[in-house]
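Two complexes are shown next, each including subunit A; its partner changes from subunit B in the first to subunit C in the second.
Up next is the complex of A and B:
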């Protein structure tokens, strides 16, 4: 049962990445062509404005979670194809879960702390 | 195999004698090529002329039994279904199917494949055991329902797909394309009610989740079956089931008994010419 659930989340995370990374590309890298998000999306003011927006904070956390899960699940599959024993598989599962959660916690803290930092720096 | 020899071809064969050889090795045998000669014919010729101890599996000689799957010039194929001329080479390299242990020479140990196959219950699972044990009528199935699994039922269990699969090569827990394809064949059969029981196995580590969709299984299948497609459809079914979105259906009911007037002009069976015990 577990593998089916993990794989389903993997696909769901892929769909989330597709949408949110599409948004990221449209805002950050394709704006010169698309012109949807103001003249200078990479300027400090624009970055600080996005950092203080609840919508973007939620988006960053979602993208971080989806990307971490998707990437770590794929990495787990690669490691499992080296045919580790049952004990090592368990260690890989626990190790990747702990590392993924730690990175997610750090990234989430950064996204939540960003508005305060932006305000402080911006005065 | 009759006919004037066209030329000489070299059979480059993987030999392994358990208890005698420490490792498999290659040996070369020259044989005369005759028109229409298959690789299987060539093996028989090698056995006849040069290597009487050469071992392989074969039976029907017509691509039906699935016994003679081998690695021929780097690709898993049926020896009986492969003409030497179509290889366009004067050297025919033949080895046992990869991803299996070797029993002897060209004979792979297919037991892991058939164990995985058995574990996935490749037969109709229903709740009417009495009817299955002692059938009274047919189960009703429309031509459209038949189309859902028909191509997967052409599988002859030769193991070529397993030999070509990169995931089978690296992950011994993975069931492989043949067992998974056959599980899907029965899951998509309208007469079957075994999805829930097969799901117990398929949802775990031996299920379709390790498939990278390399598609080699479908490329090499000598019967034109598409196991890669079966595996993707199976994933779809299992995920929809997890999300409670899979449409449930009762298994096909028994067909109505035929009614009408019995013909009386049907010729009687001929008299037995042989009386047995």
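Up next is the complex of A and C:
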């Protein structure tokens, strides 16, 4: 894919992250001053409640994908600026794509799985 | 993006030196450093938070591992890095779209540059990021 297209997606992903990560930070880390999701967003009850919400599940997966793309494409830019040879560029492209997709698959499973589902299987 | 015909001879050294750079050059360096740090944190964050799928015991165990003053300080640094990277990212998008750089003018002595216009935006970025970081600091260390 052309670099211009990838770069445009990088900026678009940045805009998505700005909104979703801004929300995430406000809920998780400005919890005392704002209290949007209660003062204890990391307590299991609060985590389990968010896990059953369609809104949180969808935004988690969206944020996961946007952040992984933005992060790994940014990392690729940094590496490419060091003038790697054509072979190394190909390796970086394939390596970062595989790593990003694997993390996306794993993170999506964790976001979609019901809390505690992985330990309930067979038990 | 791949460079075509203009190889980057300075390499990583270009992040901190190699010329008489303007102030924005160091925002560029800080944007990359915070970006790399956020990517490293995010990768770990995926694994830590995925313990939710293993149930309450695993979750509480994971939260116990990442608690304590050292982790609180580390998380605050991540929050501050996020504040800078986000606000500076907005500046980069504004500049990329051609705003806030001034209109093209005739190149007549004394030559004006767009730096004077961009500089105000860069200063605003640092101030807004600092305000958000201090706000986060209150939540991390004072109000908790």
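In this section, the second predicted complex is superposed on the first by the 111 of 123 C-alpha atoms of A that agree within 3 Å, B and C clash if a C-alpha of one lies under 4 Å from a C-alpha of the other, contacts with A are read in each partner's own complex, and residues count from 1 in each chain.
What we mean here is this: a residue touches a chain if its C-beta (ideal position, glycine included) is under 8 Å from a C-beta of that chain, and two chains touch if they have at least 3 such contacts.
Model, not experiment: these values are computed from the prediction.
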{"item": "Contacts of A:3 with subunit B and subunit C, given as first, second, both or neither", "value": "both"}
{"item": "Which of subunit B and subunit C A:83 touches, first, second, both or neither", "value": "both"}
{"item": "Partner chain in contact with A:75 - subunit B first, subunit C second, else both or neither", "value": "second"}
{"item": "Which superposed partner A:11 touches (first subunit B, second subunit C, both, neither)", "value": "both"}
{"item": "Which superposed partner A:47 touches (first subunit B, second subunit C, both, neither)", "value": "second"}
{"item": "Residues of subunit A touched, compared between subunit B and subunit C (which is higher)", "value": "C"}
{"item": "Residues of subunit A contacting subunit B in one complex and subunit C in the other", "value": "3, 6-7, 11, 77, 80-83"}
{"item": "Complex contacts: residues of subunit A adjacent to subunit C", "value": "3, 6-7, 11, 14-15, 17-18, 21-22, 25, 29-33, 42, 44, 47-48, 51, 64, 67-68, 71-72, 74-75, 77-78, 80-83, 89, 103, 106-107, 109-110, 113-120"}
{"item": "Partner subunit A, residues of subunit C touching it in the complex", "value": "1-3, 7-8, 11-12, 32, 35-36, 38-39, 42-43, 46, 49-50, 52-56, 58-60, 63, 75, 79, 82, 86, 89-90, 93, 96, 135-136, 138-140, 143-144"}
{"item": "Contacting residues of subunit B [partner subunit A, same complex]", "value": "167, 170-172, 200, 202-205, 207, 209-210, 235, 238-239, 242-243"}
{"item": "Of all residues in subunit A, those that touch subunit B in their complex", "value": "1-8, 11, 77, 80-83"}
